[in-house]
């Protein structure tokens, strides 16, 4: 696992843009609602994350940060 | 594994305030705000920056940017930015404007600030609609696009063709940088950031007026889901508003 | 009779229309009515609500800072409007979407499984009708069910009138619930 | 009652304009009046009219100027900041003696303020926010029904006197839906020999406010306008006196705040307190005479505004004893409260 | 007297602004104030300042807004139609509590009118031609000396209260050359912690008039402004009472018309008629208290304006018995005549 | 010989009022007025014509044209013309504007009327100065030109380069005709008339928006004799403002 | 003589533009002043006039008409 | 002393400057002065005039509809202002350029060959000084010749100050004329 998106689910507005932009299709939406009343973004397979940052950069609401684990 | 060392590939810029915006889900404004904040961080000019907020959905941008901010009346951001910048030539002034703001009521101010070559940076959000007031025709509304004031679609024979901002300003001598970009996908979003970065760099170097048009989305007033809206930008707007650099002096 | 209502929910839940429907029905029963949408400083594209006044007398202020009846269709609306209900008033909440229980004890709290009723009648979009049905059942002075059903023809745009059969079914189902 | 429909104030106004024969509308979006242009955009093409979204409020008022000079019945609408931008144009329209109907659905100010209903533009409306000695006729509806009825009246008054008639509503009136009986056209027809239609078989017509030569020519125009304004003052004052005959206390208000006052009057009367309401229907000309009459025997006058005090000057100028004029105002989009009005009146004692 | 120079009103004003520390001027040409921008264009570069001809009056007032937000002493000037165009901007400046100096060298109106001096913009100046509840401080010079002295004062008042100070002159005052002793700088310094200078070592500053959340926030701003306006009213009323102590009759005027009144007073006094002059130096706040005092024992008050009657409302609002307030006005660029004033006063008899 | 038969090679057009204008000796406005009147006569549309007068030296043009006339506030002639023309599509509406009027305060109105393709004709008098107000810098004032508000000459680094009206409008889709001409000599004056004629013809045929820029003189504020002024147009203005047709659809 | 300029001298403002434009240089200015107080245009050699109309067309003040005699 | 003057002529004749010169001189003699150019609805680039008031007392209106002194430098100005001169007033006209004779008999009419005097002293552009010299000779209360000569240094722009020697000569010559 190289890294992963860190999702501040409470801030998510459920626009799904991150879903569309992930090159490895690991972003999806929750079943449940957050306190804003929307289904929020979740990463369904962190192992596959390339840490490309696309989801974070496209997110209009600063919901996602992406981390990369240091080598070794 | 949780304690593994890591670094941020993407972290919240310092120049951005950590709060929930008033924007609709998937609105392009949020994306561009972030790009602007990142650029301010990267140049380390947050403490010199002044954002000039338009009247439009982004009227509260000064609440989201972690630096000084100034409201402008509808369309007059270029004049306000001129006043600010003439007083503080060393500050970094950004006029952030919508398409109604810049190309309708504010046409004169936009053209004249550009023509004077004022040393500030304009970010022009073209979402083909008046977002804040609930979806009326903008100067950039596409042919046949249905809006609150074009209930049967924009008819160019009656109200004219959509205006292309970059091309209009490109007829002037003074601007040093004019580019049209888009945030409809990841690649173009990165290009947009690059253009904004160039615009701020020009200002830091005192080179004059830079204009970055960003094709953006208004899912709410377009009546589309955010991803559909992004696709509409690609399929409908980009062909009429060609992306790319128009000037880089 | 003087009721001051708030009807609140998500953007697409039809709360504005629900308010208008009640107004038209009451108007046709010769009551004074006023309806005003919230157009204030809300999060864009977020929640929506309208204020409705239905009265025997001319109506002064159309705003409803202290509703005698609040109809809330989602959780954020419950959070916002529960505290505002006038003591002794009525709170109707959509228990299909709202998990938490209202806490006020000085008001009447009634739940309606609006989305469930709507879906049971074959539509995912008539939850607002269920809420109205519930209102009419509890506050028959506002308007009769018949008036509301008649009002549907006026309130609903031509384009959507084809759904009126289902709307009526949902109205009746909610109205009939014990 | 079967001819009653439920309609939003802004749309009722639009429909009434069409009933009145308005076939040209030029405007620019601004909350809380956006339903006016949207309605006109939908409806005007049906009746062979022209809706045009201008590039700004300034362009809009100058399109109105052009269309009015051409002889058409024409309207624009906006809200407070947009109306501020039209002040130069309105001054030109006054100088050129062109008839037109302008709608201000007021919101909170100053500046961008907010979008809730307010009455902060009373001074601007009644004293002319533009340059020079001029006046405009100001109608102040209080219900959706009046939004429609006064709009029909507005077009006749505009044509009759060749002035701007300003319909001064507020955000609440624009947004509220109420029962409405659609007004009927008045059928009045006004000759416009001054209109620009091409100089065929007549001398050229000129529409202008410039008066350069001789030096006194502008004063002559001013005096002509002044005569006209005097005639409007003499003939067009409108107001409603509600339960004023035996009133010890008088509320004075217009528009949305007058609705709240009426409610307060009703509730106070139930408690046996003799209070009445004087409600403006024209803010200019100010119904001073009628107010003087209604106020004559009252002990105290409470002016109620959705501002921090503008109409109160007209009230003071109208009544003999201005010391008895008191004020209660809410601003920034807030509404006066019935309870507070009642509290104030009761505090005056007997 | 050796320090006296002959200077034109418009230029005296420009030089006084520079003395007051004004280093930014944004304006647009319009007669009869063109000497102000021309003077600033020549002089500002000498003192390291910035002169910029804006593309319009609207751009100019918004450049003023920006420069003021940046903390600078800044001025614009125009004449009536151009000032009408600035009304939205002035409303924003009021809402954002920015200090600035705006000059209106009034001309005949309404509309394009003509370019002779007039006082037709009194209402607009004192009631705010823009939207919402706001006020601006209005200074009314009557001589070239005052054009300069009041300009210096204007910058201090603007900074002290964070308001627009409007210098309300007229075409005659702008064009006249008279003896002038250049004013001295006051040396007052005003902290501007709110100014936009970059958020270095402090929280970000915001300059705005928008107040959306909570709903009551705009009213809060309105009340803050109202307090400020009350404090200005309490502290900044200025006027001159000339031979009013024993006066049977009182003239009330300001600016150019007050000069003519003073001449009439002098001539009438020579004839033994006890008449005095009450002259405004501030039109807002209106010096009501001082006027009441001056008017107290007079039989009749003649308001003299270069308009068809605007200030008269303030006079009526100020004095107890408004029936004794009479009016003489000339409009469209014409001047009141000494002889007519004398005739009127004499006609009042004893 | 006095009774010999003759015909007029040049006679006063009917569309022109026979009176002494208020213009300074040698002012270009007088020449263009005449050309416009001639064209109206030649098309026989005097009785349908409406002239929209700007605020500028030509504010009294309605006193010189023998047809209907309408004042417009400064810069707003295109909006006024739009109002007139939308009401009377069969009348011939001409917006006559100066360079301060059209390219400074009225930039927005000019661009938007052009962009809508309103079916009227604009005559744009570019005399590189604000004539009426006594010679301040116009948007078209030449580099280094001394005016009342550029006492040391226009500095493009401070206030920008002169704006080229035809080029600016040429970036829009709708206009059908855009041409720049000059009245600095006889030959060019005839070309100017031809351009005006085309502009009116387009309108008569309902083809849309025509824009004719005329390089003109202001001897008084330029501080030149009329002939010197004409030469200055040729030598200084024409090289920056190239004459010719930009569009003829 | 083919024709000549007819000069309404009272209206002439003395700008001299007609002088410059005449191809055969027969337009000049008067010695005396007209009622506007200016030296006005005169044609000093009508014989040479080509009736080209240039003087009339350039004149900003409608001072000049040009006539052409009919043949025969 | 209270004189209300009009000085009028062609654009380039320096009438505005002439008025200012008198004002500065009188001001330095502690008189009240006012000067206002006509900026009204004249033919553009045509005639120019200014109104000057010089007085022992504060000055009210700066305009001069009925001058006590009119100085006219060309024919159109004579035509315009002769009728306005106050009965008993003074009319000075530039007989170098004005052929016709003034007709009023209720005022003092004096001619000055202003251009001729100027040319005689070596300048074609100092006719205005000749007119001033004449005014001073006839109305010495306004200001002394010395004051006017001193005022020249202030009134004339640096660029044109080199002509002051001639200006003084012309002033003196006209002043000295019987």
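Every chain is named by a letter (A, B, C, D, E, F, G and H) in the order it is written, and numbering of its residues begins at 1.
Note that in this section contacts are C-beta pairs under 8 Å (C-beta built on N, C-alpha and C of every residue); 3 or more make two chains touch, one makes a residue touch a chain.
Only a predicted model underlies this, so the values are computations on that prediction, with no experimental measurement involved.
Trainee: Along the graph of touching chains, what's the shortest path length in steps from subunit A to subunit H?
Mentor: Steps on the shortest route: 3.
Trainee: Given the pairs D-F, B-E or E-F, which one repeats the contacts seen at B-D for over half of the pairs?
Mentor: Match found for B-D within D-F, B-E or E-F: E-F.
Trainee: Tell me, please, which two chains come out on top when C-beta pairs in contact are counted per chain pair.
Mentor: Greatest number of C-beta pairs in contact occurs for D-E.
Trainee: Please tell me the distance, in whole Å, between the geometric centres of subunit A and subunit E computed from their C-alpha atoms.
Mentor: 60
Trainee: Please compute the C-alpha centroid of subunit D, do the same for subunit H, then give the distance between them in whole Å.
Mentor: Once rounded, the distance between the two centres reads 55 Å.
Trainee: Between subunit C and subunit G, what distance separates the C-alpha centroids? Give it in angstrom.
Mentor: Chain centroid spacing, subunit C to subunit G, equals 86 Å.
Trainee: Just how far, in Å, is the C-alpha centre of subunit F from the one of subunit E?
Mentor: Whole-Å distance between the two chain centres: 38.
Trainee: Which residue numbers or ranges of subunit B touch two or more of the other chains?
Mentor: Residues 23-25, 27, 59, 71, 73, 104-105, 107-108, 112, 132, 139, 159, 219 of subunit B each touch two or more of the other chains.
Trainee: Which parts of subunit E, given as residue numbers and ranges, touch two or more other chains?
Mentor: 31, 52, 55-56, 58, 81, 88, 92, 96, 111-112, 114, 116, 208-210, 212, 215
Trainee: Using the touch rule from the top of the page, what residues of subunit G touch 2 or more other chains?
Mentor: Expected reply: 36.
Trainee: State the interface residues of subunit F toward subunit E in the complex, per the touch definition above.
Mentor: 55, 59, 71, 73-75, 100, 104-105, 107, 130, 132-134, 136-137, 139, 148-152, 158-159
Trainee: Which of the residues in subunit B end up touching subunit E in this complex?
Mentor: Its residues touching subunit E are 46-50, 52-53, 59-60, 62-63, 65-73, 76, 79-88, 91, 108-109, 112.
Trainee: Can you tell me which positions in subunit H touch subunit G when the two form their complex?
Mentor: 10, 74-76
Trainee: Which of the residues in subunit E come into contact with subunit B in the complex?
Mentor: Listed in rising order, the residues of subunit E that touch subunit B are 24, 26, 50, 52, 54-56, 58-60, 62-72, 74, 88-89, 92, 96, 196-201, 204-210, 212.
Trainee: For a test of understanding, state which residues of subunit A touch subunit B in their complex under the given definition.
Mentor: Residues of subunit A touching subunit B: 1, 3, 11, 13-17, 19-21, 36, 38, 51-54, 56-62, 64-70.
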